[in-house]
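Each chain carries a letter (A, B and C) given by its place in the written order, and its residues are counted from 1.
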Amino acid sequence: MREKMLNIGNKKWFSAVFWILLLLIIWEISAIVVANTKRIPENILPHLYQIIMAAFSGEKVSGELSASQAVLTSAGQTLLRGFLGFILGGVIGFVFALLMKMSNLLGKMLFPYLMLIQLIPVLGLAPIILSITGDINVSRVVIAAILSFYPVATNTLYGFKSVEKEKYDLMYIYAAKKHEIYQKVLIPAAMPYFFIGLKIAAPMAVTASILVDTLQGDGGLGCLLSQSLKHAMSIYTFWLIVFFSAFIGIIISKIIGLIETAVSPWKRRP
Amino acid sequence: MKKRMKRILCMLLTASLAVGAFVGCGESQKETTSTAENEKKEELTSKDIIEKAAKDGKVGNWGLGNEYEVLALLAKYDLPTDFLSQDFTMDGFDDDSITLASAMTYNELGLVKNDYEGGYGYKDTVEYIDMNDEGVAMLEDNIFCSKDFAKENPETVAAFLYASFKGWEYAVENPKEAAQICYEYGSSVSKEHQEYMADEVAKLVSTDTKGEKVSDIGNMDEDAMKQTLDIAKKYVSLDDADANEKFQNLTLDDIRDTSFYEKAQASDGKFNVEKKKVSIQLKWLPDAQFMGYYVALDKGYYKEVGFEDVNIVSGGGDIAETTAVNNNTVDFGVTWETNLASADASGMNLVEIAQIFQRSGLVLVYKPENY
Amino acid sequence: MEDKVVLKKMGRRKKLRERIRENPKWQKASTVILPLIFGIILVGLWQGQVLHRLFHTDTFTLPLLDKIGSIMADNKEKLLENTFSTLQVSLMGLVIGSILGYLMALLASFFPKFGQGGLAVIGAFASIPVVAMAPVFNNWTKDISRDASFRSMISKTIVVMLICAADMGLNAYKGLTNLKPYALDLMAIYASSRKKIFFKLRLPNSIPYVFSALKVSVPASIMTAIVSEYFAEYITGVGRQIRENIVLAQYSTAWAYIATACLIGIFAYAILMILQSIFLKRYH
């Protein structure tokens, strides 16, 4: 029996479950406290069962949609835009890092500006991007791409730079051509860093996508979020979105982890 | 194993301590509200209320260009013009962190009073100060477009106004049906609240700042517009010195054009529209605040005057309606006179073509027991 | 020097270029000079309205630099006030969050079984959008103080803190555990105590990871502070000013604040880079 208990304790998922349970307990205790001290507790901290009930209740909150239907339809739009932006940002980020590695001059010239792009508040860029693209949805994708581009580019570049000098020397001895060096040494070496970048970028793309939904109130999780926050509809919609977006964030980083192991065999050590 | 148990116990202990602290905070809050309730109640004028709230620093507004009426009111009573930022919910009013909170008659006030989903259910225990009564009313929802667009498409503009007025007229007479129509067109609010909104919006469209009945929808009342611009000039301060100077020198003629309104009024409903597909961006999320356009769309009024397609674009985002109209992403927009004037001062080229709301919908709501 | 080379032989030119490139002094200087050149080109393009033509935009949406500069100069005090409030939030959040994150990583590295799961949960926190977190913390901090400016600062700081803590926790944990394969064995051969392994091996090993975490969280802390200002109760901060001005169609003023936000970012990043060069030199 004791053995079995220990075994369960050793499982990888056990600790995560433990922490989640602990969090849930703390949440519920606080919810009870809030319920007893506040007039409208669901605005501050509802019980978890209330949120779950709201997820499965068929009550219409917006048009003909129930709360979870509304969340899921909006999420579809937001995630699609976020996904497109993320792919675009990831590809551009990688290409940029490669270019900056290939040309020292370019690398040195542009590196500080990479960070700057990250720092320009999206809101300031939005009207300009809108006037360039002329379409609000394209603008949203572009902004999500800009925000996910930076972590990918910097991390990949860091990966390129992390290659030890010995490896270059070795390739030099082999009289390897430039593209061979890139293909055989640099790119594989940068892969783990590229994926770190992607892992950071993925939740950022989702966040960005939710944020840019609110540029114009025509759908998407961000709009639904602000609508429900303004008490225009059931406040539980808000809580559903909070949980849903957290869930999406976790799932996405898991998926990228899976892709990472799939494309980098050397990671598959037991 | 023992060690682990110890750790878990430690963690639970800290957690319970934290919760204990939480309870403590909650209780102290309770005490303060109960003492407030025990205070004697007397008859108060709106002046007393504003003075007390301003003294406590508990006047609330959303900012973002919605604050000028409140500033004008504070200045009227020689009070410092500071206010707290309200976050588009009435939570701050509910928990007394804001005791004199801004509310639109057709939206927040309904949430405060009513007890449907999202409401706070105060019923008639709350009272409010009306900006129209205080003489600091500013005009809100209008219809505008860019000056270039108006010049190039005069028939389109007049036709759009004609059909929109017809929609508004119907909506004002049948608010319940209008609410239902808005609800079907992807509403952002619950059905009950939508109906409340439609009733209140109908009042704003058909009553002027002095409380008199208005028969002509879209009329641009000279006095009310002048008052709005004057208050705006006094309280809007733009950080851009050039824009600020331009703003101070604006006249009504710079920001409004009555010719399209007159043309629409005189028309028999036949237009030769230049642009058959037009769009209008709302100032806020789709709801009964804009019921006239939804009714016009639903009843086919836009089709009758020759439009193939009218796209109603939701607002309430960070791409303001002024920006969207100015860069030609949409053709028409709904905004407030002050927003339009400051946009023009900073270099946009916009013009108001009709005034839908004839009186201010802003009130400052308070709980009498706090005073 | 150049003259001499030219006189000798044309073929030397290339070598000179190479020599310059390999010159450590030039190496150092170029990291400053090259971005500066690019910056100057950019400024030229911007002020000469080439950017505007490129982006099909006008000087209204993208105001000229002298205009932005003059607005910044006109509103120095207001600008500084807002900058201070944003800096305060992002700095406090960054420092507290990073320390918390590092402590969590330490705990997790001592008890890897429980720690890893905990870190995964914390990583999940980081993926909750700021737009969702900010209003929640606004409500949760209502009871902290009767002073709206104080409690709204706290709620903004908590959001920044969470983001930074997650970032630091994940990175530092990697630094504390991702040791060179032979390093632990070597320490074992030396019969080092756990304490010694920690101070001589794990801690130094984590420093570069700390900096790579900071490289993400310094800009992120500023961005998060700016976004959470949108929702804050008390109207202050660079982000809030940007939004107010954009909604009021005051693009020039909004750009003055955008420029301020960028300057804050550059400043913070420069400090980080200096710190990094000091710390990493010591350890390597």
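Heads up, the rule we're going with is that a residue touches a chain if its C-beta (ideal position, glycine included) is under 8 Å from a C-beta of that chain, and two chains touch if they have at least 3 such contacts.
Small disclaimer: the values here were computed from a predicted structure and weren't measured.
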item	value
Arrangement of touching chains [line / ring / star / complete / other]	complete
Busiest interface, counted in C-beta pairs	A-C
Rounded Å distance between subunit A and subunit C, as computed from the means of their C-alpha atoms	18
Mean-CA-position distance for subunit C and subunit B (Å)	38
Per-residue multi-chain contacts in subunit B, two or more chains	4, 26, 29, 87, 91, 95, 318, 323, 327
Per-residue overlap in subunit A, given as positions that touch at least 2 other chains	9, 43, 123, 127, 131, 214, 229
Shared-contact residues (touching 2 or more other chains) in subunit C	61, 114, 135, 139, 142, 243, 246, 251
Footprint of subunit C on subunit B - complex, ascending	4, 7, 25-26, 28-29, 57, 63-65, 84-87, 91-92, 95, 97, 238-241, 243, 318, 320, 322-323, 326-327, 339, 342-343, 346-348
Interface residues, subunit C side, partner subunit B - complex	60-61, 67, 70-71, 74-75, 78, 111, 114, 135, 138-139, 142-144, 146, 148, 152, 231-235, 243-253, 256
Footprint of subunit B on subunit A - complex, ascending	6, 9, 22, 25-26, 29-30, 33-34, 36-40, 43, 60-63, 123, 126-127, 130-131, 134, 136, 214-219, 223, 226-227, 229-235
Subunit C-touching residues of subunit A, taken from the complex the two chains share	9-10, 12-20, 23, 43-45, 104-105, 108-113, 115-116, 118-121, 123-124, 127-128, 131-132, 150-151, 154, 158, 200, 202-203, 206-207, 210-211, 214, 222, 225, 229, 238, 241-242, 245-246, 248-250, 252-253
Interface residues, subunit C side, partner subunit A - complex	21, 30-31, 34-35, 37-39, 55-58, 61-62, 113-118, 120-121, 123-133, 135-136, 139-140, 142, 212, 215-216, 219, 222-223, 226-227, 239, 242-243, 246, 251, 254-255, 258, 261-262, 264-266, 269
